């Protein structure tokens, strides 16, 4: 088995979710690395969109900002934020990757405040485009370390919609139908959402971890799929491309 | 119209389109020379208490020089549209220039991490905060650009982002679907940095537009900073390239490297070392004060700032980086 | 007194309403000729906008269409219909000139149907941008021949808003405040609107016509201003520019 | 939401944004070669009964060749967005191709006068008509482009245009002002003529945009006709110039002179003599039938039409007219 770190694991797993010919709205960092890796593996025709306006660039290196020159380097179009978000709103964008300081069992995310909004312990950036992407893109995914302080019973502030309070609550909220959280990818596991309750559910366990490890590092009770498999570790090929081509300076994978 | 729900955030700008029309009715439509120094433009067009819009996205094609000048002139009590506000936000926070903010993305500098200066100021209790998202701020600007008091959208519903916004929710009379209604946002004064403009304010830029076209249309007063002045003949030679027409514009300031230390597409890439210096220095109050004095308060203008940070040699280096030339040093 | 025809008279009178530095939204034909004449007389800095996207062209000749190449020849901007109409909606456009098959005493215009909408005697083009311009531009003007079949008690179809039913009805309609019909320029007279009732009112009489002529050629009762003056006929200079520079082929002035 | 008033016109297209999303979810996003003949594109993507959108404005950058092909293939019972529809409308009326129409501007050819053919067909009782304005149709397309079921606007209120539209009126919950609510319009299939496109459908044009960007976004299926195919490398060299991204596009048809006899900016000016011939011939049914046979039904494609009307020599002449060269003949 190849030697790899947590970021490499999550990025590799995430990249495999992006099938050829799909569209993905990404931010900087790990999501962008996952999309780039997917393009260099099984999905050469994956279309990457950046919220500030860049459509399908030939990325020469990892962007620092979702609006920097790299995001429209040899792109098909350098448009506007409206162009991208309207495409998302009209249902043209299949996937997005988001993150947050907190996530709950319905995949709701907090990136606004820890503590009270008026007197926060920590003020965070806010939604940015996260709420927009999560509202509009068909399948929202999260890459995040598994940690009980992060996976909480109730987020301090629901910045970005997951399945809201579960069940049909998202469909009733006014948000576009049939879109929502899809996979949660951590260093320990991959989770999806049970179709009726919309609660987070373990579907695969990463090599070296047990179901108990996963539950111990989660602040709420995780459901378990009927059949739980072992997550495929990063392949030699994935690691080589990730390290040599996608992120040679280790900005994201930190090597 | 039955309101199903509404956010409890404060609405900082009146969305009345007739008041906006009244203002624009009085705006001079003549082709007059609007060139002036950035110092004069800030002095003339930015009032304490104004609501401020800043163009660009993150630290890309962002009028950083204008933010410095706002600090130098000690402008206070501004409102601010925090629409992926990164380094601009950091500067305005350092000067405590604003006291109310519509938040879409603040505090962070994207992949570079969080600004402790911005964070501390937002946590200080001195700032009123209303929550939004990047696209909902874009839509709010678009509403003002269209001269309507609100536009509907299908995001933000169901979340605390809605609850702490000043949006309302109502049913669509055509489909029965719930919609978020986003009130028009018309900044009192905005700055947009572009590649080229003529003396009247006809402006053009290359690369992504972010939300600058709607910001330009929505703003009561608009100051264009540009890398280069060009002739009106050149504007008229290629009218398809004009992105912002002159009649929206109040002042044109030629400010080469006006987006430094951010990226100006096709001109120069961001100066990551200098931004890193910002991020580390701001953690130490004394060092930060000295840093701000050296880079902002004690320099006369953006030329001084550029000279303080490596001058044209550095700019050439960042140009090579923008064009992905291999480093020589 | 110079020899001139009806179109030359109306265009000259109309052109004088367009002060230097104003903005005007125009269509093809007489409105465009009036704007071009104004630019060559007292208002060199008059800004012409065409609804399809052209802003302030250096018109080399009369456009055939409000979207043809001439409408953005050496223009300041070749934008979109949204750019123009949004500018109108935000209050940036001072004047517009419109026409129609019928006009009533409140300046409402019909360019949709003569007769019943379902079974029209004549189907006409519809609003085009007329309703939009009349809704948004501060001052709407009309150039039209004075004729009782055209100036009617009630328009068969109100395509384009004037002062609606007069009084405060326009302010109550939802249309932007303080905008509305301003001057009606015919071959016989110039009319404005009485400020309270918003009824059409004669303010000046063209050379060679009497108040009686004007009323005889109008299907409703016209109010009369306290002081009615004689309309200034086209000057030699106006006629020379109109014939030699603005419309040398006589497309509009028909010479 | 309390509806204060509503027009009695028929709404021809469902403004439900979730249905539109469902359709777009299934649309292929891959970079595939979409080049085909206009004949194949019309055959494949235009169904009898579809609601049709036509780009351009009046007879400017308008996909006239596509209108001819629709007639040649005998497409019927179309819905049609009559958004400053002039010569395109005249052709579609000659073929009685549509049976319902959203009217903004129809029948007329601007300064050229009224089309008796269009007029007669609209007066025939065979066509259902709902009234709008140019800008309200633009806003309806914009609503669909934004993925919302309606947008508010401040025009059309107080008039019969409103009364015969399918708009509704409601109070603004922020300002108490009355607003016209304009339902989203998403054509089943649209044609847009551009200067240049690559094989995937990335398209660009110069000059005014009219409402084509929103039309492209709003349309379920989109066929691009272009003066010239260009390489994908050229698109990627200058991404700021791309106006329509490939993923909106279903077919790319290289049709030189595809806007003839209308104007294609920077390429050729309109053929006013030929349009005059249309306007006069259509008054005589027999002559008109012969005229249509000769120009449309009995020619194979747009090349045949161009050859019938003076061929490349005429096109060169119209090019000189576009560039304001003095006439030689």
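A, B, C and D label the chains in the order they appear, each numbered from 1.
As a working rule, a residue touches a chain if its C-beta (ideal position, glycine included) is under 8 Å from a C-beta of that chain, and two chains touch if they have at least 3 such contacts.
Since this is a predicted model, take the numbers as computed values, not measurements.
Engineer: State which chains count as neighbours of subunit B and simultaneously of subunit C.
Structural biologist: Where subunit B and subunit C share a partner, that partner set is D.
Engineer: Between A-B and A-D, flag the pair that has more C-beta pairs in contact.
Structural biologist: Higher contact count goes to A-B.
Engineer: In whole angstrom, how far does the Cα centroid of subunit B sit from the Cα centroid of subunit D?
Structural biologist: Inter-chain centre distance comes to 37 Å.
Engineer: Cα centroid separation between subunit A and subunit B, in whole Å?
Structural biologist: Centre-to-centre distance between subunit A and subunit B: 28 Å.
Engineer: Per the centroid of Cα atoms for each chain, what is the distance between subunit A and subunit C, given in Å?
Structural biologist: 58
Engineer: Return the distance between the CA-based centres of subunit A and subunit D, expressed in whole Å.
Structural biologist: Subunit A and subunit D have C-alpha centres separated by 40 Å.
Engineer: At least two other chains touched by the same residue of subunit A: list those residues.
Structural biologist: 54, 72, 78-79, 89, 136, 176
Engineer: If a residue has to touch 2 or more other chains to count, which residues of subunit D qualify?
Structural biologist: Where subunit D meets two or more other chains at a single residue, that happens at 17-18, 146-148, 153-154, 177, 179, 206-207, 240.
Engineer: Can the chain contact pattern be summarised as a line, a ring, a star, a complete graph, or none of these (other)?
Structural biologist: Here the contact pattern is something else, fitting no line, ring, star or complete shape.
Engineer: For the complex, which residues does subunit C have touching subunit B?
Structural biologist: Where subunit C meets subunit B, its residues are 20-23, 45, 47, 54-55, 57-58, 72, 74-79, 83, 86-87, 89-92, 94, 136, 138, 176-178.
Engineer: Which part of subunit B faces subunit D closely enough to touch in the complex?
Structural biologist: It comes out as residues 1-3, 11, 15-18, 139, 146-154, 168, 170-175, 177, 179, 181, 183, 206-207, 239-240.
Engineer: Mind pulling up the subunit D residues that touch subunit C in the complex?
Structural biologist: 56-61, 82, 84, 86, 103-108, 110-112, 114, 119, 122-123, 125, 129, 131-136, 138, 142, 153-161, 164, 169, 177-180, 206-214, 263, 265-266, 269-270, 272, 322, 324
Engineer: Provide the residue numbers of subunit C that touch subunit D in the complex, in ascending order.
Structural biologist: Subunit C residues touching subunit D: 27-29, 51-54, 60-69, 71-73, 78-82, 85, 89, 108, 112, 117, 119-120, 122-132, 135-136, 157-161, 164, 169-170, 173-176, 251.
Engineer: If you look only at subunit B, which of its residues touch subunit C in the complex?
Structural biologist: Residue positions touching the partner: 17-18, 20-25, 27-31, 144-148, 200, 202, 217, 235-237, 239-240, 242, 245-247.
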